[in-house]
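Below are structures written as structure tokens.
Look for subunit A in each of the two complexes below; its partner is subunit B in the first and subunit C in the second.
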Partner chain A sequence: MEKIDNNKISSWWLLVPTSFLYIITFFIPLITLLVMSFSRFESSVTTVGFYLDNYEKILTDGITLKIFFQTVELSLMITLFCLLLGYPVAMLMRRVGPKARLWILLLVVSPLLTSIIVRNVAWVLILGRSGMINDLLISWGLISKPLPLMYNTFGVVLAVVHVYLSFMVLPLFAALSSINNSLEEAAASLGAKPLSIFLNVTLPLSLPGIMAGCTLVFILSMGVYLTPVIMGGNFVVTLPMLIEDAVRNRYNWPEASAMALLLLIAIGIMIVISSSIQKWVKS
Partner chain B sequence: MGKKLMSNLEGYRSLWPRRILVIFSSLVLFFLTAPLVILIIQSFTNESYLSFPPPTYGTRWYTEVIYSEDWQNATFLSLTIAIIVTPLSLVLGTLVAFGLERGPKKGKQTIQAIMISPMVLPHIVLGLGLFKIALQFNISDSLWAFVPAHLTITIPFVIVTVGASLQTFNTSLEEAARSLGASKFWAVWYITLPIISPGLIAGAIFSFIISFDEFIITFFLATFQRTLPLEMFSTLMYQVKPSIAAVSALTLAITAILTVVLMFRGQVVGGGKIIK
Partner chain C sequence: MKKNKNKLSTISRREIIKGAGAATATVLVTPYFFVKAHAASDPKHMRMYNFDGNLGDFYTKHWYGPFMEKFDVKMDFIRLKGSRAPLEKVQAQINAGQPETDVLPLHPDQVIFAKRNDLMRNVTRSEIPESKNFYDQFFTEYGPNLVLWCYGLAYNTEKVKPAPTSWKILWDKQYAGKVALNEGLKDQTLQMVNLAFKGSPYPVDAETFKHLSDIRPGLVSLWGSGADAEQLFRNDEIVMTPFWNGRVTKLKKEGLPLEFATPDEGFFVRSSVYGIPKNARNPEMALEWLNWVMGKGPQKKMVEFGYGTPNKLVEHTPEEAKAVIVADPEVVKKAVKEDFTRILDNSASWTDMWTKWKST
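Our next item is the complex of A and B:
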């Protein structure tokens, strides 16, 4: 009996190479950021120590915190739109036959496997000042000046939703397809209206999928850099853009590290909220 | 009474606004796929500017891109990284998946969560930390920095896809081979690996595509070298030219081919497993 157990423990040797890699490429970088965030940056010299300068600056300079909340707001908006657009698709996937389901799944997943930058380029070509929509509307004489479809929050949200919608649909579909049809049919046969069945049976049962999808999309959106830069110009600024600027243009590692930790804290809070909602619903 | 129940049920099935669901979902799916179709159509313009629909069609910009040294170098670098990263990521991730599946149940979940945690760390944060380390080791702007960095974000996907396949694998097949005298290694090699190959293929393709498309981490690590996404980004920031559409369509073709392979292997059809 004991021998088998040893055998099992020895399987963990298989984790060693990857753990070794992670220590160098994951844990040490994260610890470094943590240490850096408490360091002092004065006239381009970084002093390691325990200073709260960077956090103080972030919280009091009036700009960083504002942009942080803008990023949170943007991410919540993106998450909400993904949910509203994704839920009906996931629901349809559950209701159609296996062949149609496969096709819908194919369409849902295909953007996931195409480059984010390619998808952003596509939106630039569609929404830009001389993009497809403005071109067509002007040539039809409907408008005289190009509409501002890009370089604003609208363009950024649209493009990010396009990028992350698949991440919402997949967990939603997984949760919805694990609901037993007979539960809804039982409610229906007792005279419940479709809307009330949806609100009282389907929606609560699919909550784990909703929370999983929302958490995932929120986390991804908080870290999004490329799309706001391309679609927002300099008009939509997110925390990742500030981080990038602090390091690459100002070499201010301590401040960038503190902002990175702020990002991680926000994500941590989101994970805690979503898991406590799930626990609360279960009980 | 039974009749009442049945008619209620019928009512539920037909009353459900299925048509609205179909129309709405079609619009969403159109939203998902149309931009890429439009992009491909625009890339075949023969003009020096982008417009839709293009006044004249041709492959002028494809020719320009294919013969451009900048694009060649960027493609070469991206492919080099992805080709090194994919097999390494597959081997390391598969070892982890086996270790987790065959190891003690106790603590498995915690260790698995740690092993796939790079998945939920924003790449901007990971990129920032890796850049600092790379500067310290003096290896930034080289494959020595790019490859380990990409591995960190691809391995979790292999752990998840291979892990999902291993969960459904019936170990008694492997035990049968061993009882017939096969060593542990050869039993896994000849029995287990072929059976879980859909998971391996899915993991390999995910690794390739994620590495091939990676932007922000490489953006931090690179100073002079440019991968394809970096080259596309800097071109795009400078000017929106038809060449960018042609390159996008070409990278789309590369990833689409891999996607088709993935689809035919039916792994993604397994449902949310890959994401969960």
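Our next item is the complex of A and C:
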């Protein structure tokens, strides 16, 4: 018994370097963020203390909460589109041979291999007033004046989905690959139609992948900054944009910290919901 | 098997403890040595901010390169996005004991913030002999004002006729869907709206935003940086936007049919104070650089690039005078004075109003 305890202690020592690293790079900044969020910013000077000004402002200024919910809404929209587009791709990857699967995988992750600026500028060339799509539609006589394809929510969602699709496809593919083909074959041999097999066998068994993909995409979307700035023409406002403005243009670290904590809490809630659903699915 | 396992775990435990101790010590001690090494000051080594895009290329070619060669100095550069130094970061660095740059360019509102938080070293005229050739109003307690830039109206000469003389042309229905405003320095936009409709840049109030709401359906974008606006012109997304003169000069050199107008209601002239942050590693070389860059030669290069200079000795060709704007006393009469204390103190409420406006 004593030996087992010693073994346990020795294995705990393995965690010491990582723990120190986490303390220095994660917990201390997090505590600083918390302390800063209760500080006061007045006449360009920050006073550390216990003030509720920043939280009061967030709750009562009539705009920060609104932008926060807009960010949640945008993130949910991006997550939904990623799921709708990603599921068929993951299904296809499961069905095709290894060579074709590799090509699809490369296609899906390719946006991650490109610089964010290059990617967004490419979208500008495609979706702009004189972009590829508008030029084609006008030359075919389908429209008389350019469609507003960017500098709005559509442009932002399209550009973000393009990148985050891979974060949906990979967990979905992992979940779908782990489903035993014989279950679907058994359902088919008992007379179930393809739609029924999908709804009653494939979809429920792939729920862990759906939840993992949705959680990942939602969390990433809540923090997305540069793409809305470029593709939304600053008309699509997200909470990270307010945080950036508070820090860069107003030097108001306390307010920015409070908003960052709000974002963290929202992400924490999403993770709790996601793991609860996964537990419920397993049970 | 069990015996072997125990033996293995005993040996491993010692090794693990030693290894963990060493690793922990490394994790704890490395930042100390890093900071010490970082703090070591080499008199022939400077750390400077540089800008992105054309202005950054200009600095490298005309303000940093020749100085390094002449004074046999090594410079490391930190590239900035846009023209605004990250004062929020530098403030934290100064408080921690060492800023990452030896020279800090400050926008006018940043100067007030720096003063309130005691971030800059005082610089006197006697420390910079070249300051004798500068107009008095362009030398501050923290250093010289360099790079005089104007905020006026950039327009496409082929698509906007006749040449605009008023900011109100942005509200003209015939240009709806072809104009943009800047969010990067939103205070300038708000002051511009007030100039157009109230004749004075202040106060920023509900009426200001009512006029912004009127223009809102016709706006293509609220661009964030000068580079974004350049792209809007290049892609033919817009025909007109409030802009800075140097960017227009650059686009004209690229062959775009653009011109810069100074509306009759007034326009703005700004410049940056180049100073030395407190606890800078090499203030002596920073002073040397400031003195050199204020000289006639480097200042003439800036004029050729498209921005104005406070150096009295620099002469302008007619084209240069037209491009830099501030060389023409008649045009300068239209320049409107800005209240940067008000801008800084109201930035929170203006931002709230701005965010509310654009998200409705």
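As a working rule, the second predicted complex is superposed on the first by the 255 of 283 C-alpha atoms of A that agree within 3 Å, B and C clash if a C-alpha of one lies under 4 Å from a C-alpha of the other, contacts with A are read in each partner's own complex, and residues count from 1 in each chain.
By our rule, contacts are C-beta pairs under 8 Å (C-beta built on N, C-alpha and C of every residue); 3 or more make two chains touch, one makes a residue touch a chain.
In this text, all values refer to a predicted model and were calculated from it rather than measured experimentally.
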Subunit B versus subunit C as contact partner of A:Val281, first or second or both or neither: neither
Which of subunit B and subunit C A:Leu52 touches, first, second, both or neither: neither
Touched partner set for A:Ile63, first subunit B, second subunit C, both or neither: second
Partner chain(s) touched by A:Pro88 [first = subunit B, second = subunit C, both, neither]: first
First (subunit B), second (subunit C), both or neither touched by A:Ile143: neither
Greater subunit A contact set [subunit C / subunit B]: B
Contacts of A:Asn249 with subunit B and subunit C, given as first, second, both or neither: second
Touched partner set for A:Val237, first subunit B, second subunit C, both or neither: second
Touched partner set for A:Ile24, first subunit B, second subunit C, both or neither: both
Partner chain(s) touched by A:Ser43 [first = subunit B, second = subunit C, both, neither]: second
Common ground on subunit A, meaning residues reached by subunit C in one complex and by subunit B in the other: 9, 11, 13-14, 17, 21, 24, 121, 124-125, 128, 130-131, 229-230, 247-248, 253
Of subunit B, residues touching subunit A in the complex: 5-6, 8-9, 11-13, 15-18, 21-22, 24-25, 28-29, 31-33, 35-36, 38-39, 42, 49-52, 92-93, 95-96, 98-100, 102-104, 111, 115, 117-118, 120-126, 128-133, 148-149, 151-152, 155, 205, 209, 212-213, 215-216, 219-220, 229, 232-233, 236-237, 240, 244-245, 248, 251-252, 255-256, 258-259, 262-263, 268-269, 271-276
List of subunit A residues in touch with subunit C within their complex: 3, 6-7, 9-11, 13-14, 16-17, 20-21, 24, 43-45, 61-63, 66-67, 70, 121, 124-125, 128-131, 151, 229-230, 233-235, 237, 242, 245-253, 255
Subunit B-touching residues of subunit A, taken from the complex the two chains share: 5, 8-9, 11-15, 17-18, 21-22, 24-26, 28-30, 32-33, 36, 85-86, 88-89, 91-92, 95, 102, 104-111, 113-119, 121-126, 128, 130-132, 135-136, 162, 165-167, 170-171, 173-175, 177, 184-185, 188-192, 194, 197, 209, 212, 216, 219-220, 222-223, 225-226, 229-230, 240, 243-244, 247-248, 253, 256-257, 260, 263-264, 267
Complex contact set, residues of subunit C against subunit A: 6, 9, 12-13, 16-17, 20, 23-24, 26-28, 31, 84, 86-88, 91, 112-113, 116-117, 180, 183, 220-224, 228, 231, 235-237, 344-345, 347-348, 351-352, 355-356, 358-359
